[in-house]
Amino acid sequence: MKVKVSRKAHFNAAHRLYRKDWSDKKNDAVFGKCNNPNFHGHNYELIVSIFGEIDPETGFVMDMKVLKDLIAHEIEDALDHKNLNLEVPEFAALNPTAENIAVVIWHKLRPHIDDKNTLEVQLYETPRNFVTFKG
Amino acid sequence: MKVKVSRKAHFNAAHRLYRKDWSDKKNDAVFGKCNNPNFHGHNYELIVSIFGEIDPETGFVMDMKVLKDLIAHEIEDALDHKNLNLEVPEFAALNPTAENIAVVIWHKLRPHIDDKNTLEVQLYETPRNFVTFKG
Amino acid sequence: MKVKVSRKAHFNAAHRLYRKDWSDKKNDAVFGKCNNPNFHGHNYELIVSIFGEIDPETGFVMDMKVLKDLIAHEIEDALDHKNLNLEVPEFAALNPTAENIAVVIWHKLRPHIDDKNTLEVQLYETPRNFVTFKG
Amino acid sequence: MKVKVSRKAHFNAAHRLYRKDWSDKKNDAVFGKCNNPNFHGHNYELIVSIFGEIDPETGFVMDMKVLKDLIAHEIEDALDHKNLNLEVPEFAALNPTAENIAVVIWHKLRPHIDDKNTLEVQLYETPRNFVTFKG
Amino acid sequence: MKVKVSRKAHFNAAHRLYRKDWSDKKNDAVFGKCNNPNFHGHNYELIVSIFGEIDPETGFVMDMKVLKDLIAHEIEDALDHKNLNLEVPEFAALNPTAENIAVVIWHKLRPHIDDKNTLEVQLYETPRNFVTFKG
Amino acid sequence: MKVKVSRKAHFNAAHRLYRKDWSDKKNDAVFGKCNNPNFHGHNYELIVSIFGEIDPETGFVMDMKVLKDLIAHEIEDALDHKNLNLEVPEFAALNPTAENIAVVIWHKLRPHIDDKNTLEVQLYETPRNFVTFKG
């Protein structure tokens, strides 16, 4: 009896898309206004999903309160109201695209999730752009 | 040409998370304020999805009007404006977590869906907590 | 330079619409399935708005963090995961319709809001039914 | 490192569900008021998703600006503010159900998407009815 | 103790913006692709609000079930799955813009609402375009 | 016959709440993590509303296409993907709170709106925090 349980959270942050090893001209050509050197920002909406067996005792796959607190400590504390390029070590040498942010979030959460369960991360950069990573 | 068709519905209900065979202390420790003996409640948003071949004659996997009426009769009539613990037989001995409610809904709908098609139930307990069950 | 600032919050609760001084028959006739004696429940979405002058020093009408904490302490602590009829003193003799809940919330918040400012409460009982009270 | 990237778009259109080779009576029996010969219409919300490897250079599976423009040229120009039955060649002999529209959109986009990537189309006919096609 | 109670409903319809007494050229210049002679359509989301005193007996400004049924009979039956230009008498000589549709809905509902109460109609033509009329 | 017509738009930007004439300590005390010197950011959702008479010829208060283009040129071009503190002249000496941004947007749009009509600006900084300014 496998069920996927999902918890929605959010954080907001500044970022800039660019590569240090590219010229300004190439960064502009590829990333357009997302390459603004003064940064821009987003309200990121995050959905974290755990897929696993229902515990027959509690009726939970995972206690949502525990999942909520885990997201708060591991993700919101690390990313909320931050400049992703300047203040989040994972993006020191990694372009903070929605794809890469989702993968980073997955890696930060994975050690805290039961090995038997699957972890999925969905990240909305805007209400019209979003990505999904299952690891 | 397999397509998934989805229909959104909703119901609201009171419930309480607890196990009769546990002490009050253990129920409180595990379920927190969801164990309030006077109950609390939710607006449950429900998405029922059917995955199957498009009928080349009608262009439908399943007529949405039929699916809407099926959900109304099998699920809304049974759960809407009800106390899940006290009035819904399936939860007489089953903790009405979102996970268990989704599984119960799946079993109530499955006999009415064509055997060749797959049935998926997604249930939002709140806009931030939801579960998905594919059977 | 008057601006209205709004903060969204939510709580969930069980309730029942009925009057003790009416017969069961009359309660059923007027309140229908909302009169279920075993209760039902909702996810209440709450929008609290303050209308007043922008403070030229801070650029705030009211600090949203302060408003968020005020709603948490005065409203969420009092109503979240509660049975409105049985556990919230304001509804001991008052029918917990959306209209009455909005008025009760307004009276709980009003003493904490600057006299010069206007207070508005909007309460969604479901995504399709909501009420607004300006006091 | 495979990620699904999604882009939301929309268009509105008139349509009518019916088959030329059926009698009016049969069309009415099967399609009900959706068979109104004077047409009705919808705001179609469209989510196009691409599943593939993250390009290690850009951090993109596919540049969202490119995907946005592709949807505008291939889908919105063809379907927005159109009568699907009368003006869109693909529906000259195909009933414009949500299922069939999703399949048509998929076929219009597929030639423009990298062969190594998977394409998924999700189409909301109303906020309560939607379909998903993965090809 | 005046409160505004609101009920959300929806209908979908085909329409076309144009004036019979204008040339095709002028209709095109002013209404653009909304003037498509084959029609296009929308999912109209409708919010009907009543502002008045809370009845101290029931706790209602107006029973939401009554308001829901009123909208169903007066508005949904008249407009849902219809071609506004061809099938709705009010638009025989009136351009069915969102503004005019809102005014027509207001006039259809007004005779059924208590004289002491105020009526407001909000109509979403798309998620990005909407109008509000208070009469 | 006065109607309010509304158009939704959006932009995203980086910002920081602080006053140059305050000490770091005071900025931190008042603005908390919103004072991060490396900036953070938001997806701002903007609703611009015009209240005025329906033109009996067109059935419009204001052509939505014109309003959409006006918002694009005056607001999105000026604020989208920008650092509000560093790149938008209006905030050189003005703290970019939601309140102040709404007032700035109102002043940028007002000269382009017919004098007879009223202009209202609603700005969502996050889905839970928003402000409304009527001028």
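Lettered A, B, C, D, E and F in written order, each chain numbered from 1.
One rule holds for everything that comes next: contacts are C-beta pairs under 8 Å (C-beta built on N, C-alpha and C of every residue); 3 or more make two chains touch, one makes a residue touch a chain.
Since the structure is predicted, the reported quantities are computational estimates derived from the model, not experimental observations.
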- Going by residue numbers, if over half of the contact pairs line up, that's a repeat, so tell me which of A-D, B-C or A-F repeats C-E. A-D
- Item | E-F or A-F - the one linked by more C-beta pairs in contact | A-F
- Note on the structure: Of all chains, the one whose CA centroid lies most distant from that of chain C is D
- In terms of mean CA position, the chain most removed from chain B is F
- Note on the structure: For the copies chain B and chain D, the interface residues, called same if over half of the numbers are used by both and different if under half, are different
- Task: For chain A and chain B, let me know how many angstrom lie between their CA-based centres, rounded off.
- Result: 29
- Item | Rounded Å distance, chain A centre to chain C centre (Cα mean) | 34
- Item | Touching two or more other chains - residues of chain A | 127
- Task: State which pairs of chains touch, listing all of them.
- Result: A-B, A-D, A-F, B-C, B-D, C-E, C-F, D-E, E-F
- Task: Mind listing the chain F positions that touch chain A in their complex?
- Result: 10, 12-15, 33-34, 36, 38-43, 45, 80-83, 86-87, 126-127
- Complex contact set, residues of chain E against chain F: 17, 19, 30, 32, 94-100, 102-103, 127-133
- List of chain F residues in touch with chain E within their complex: 1, 3-9, 49, 54, 57-61, 63-65
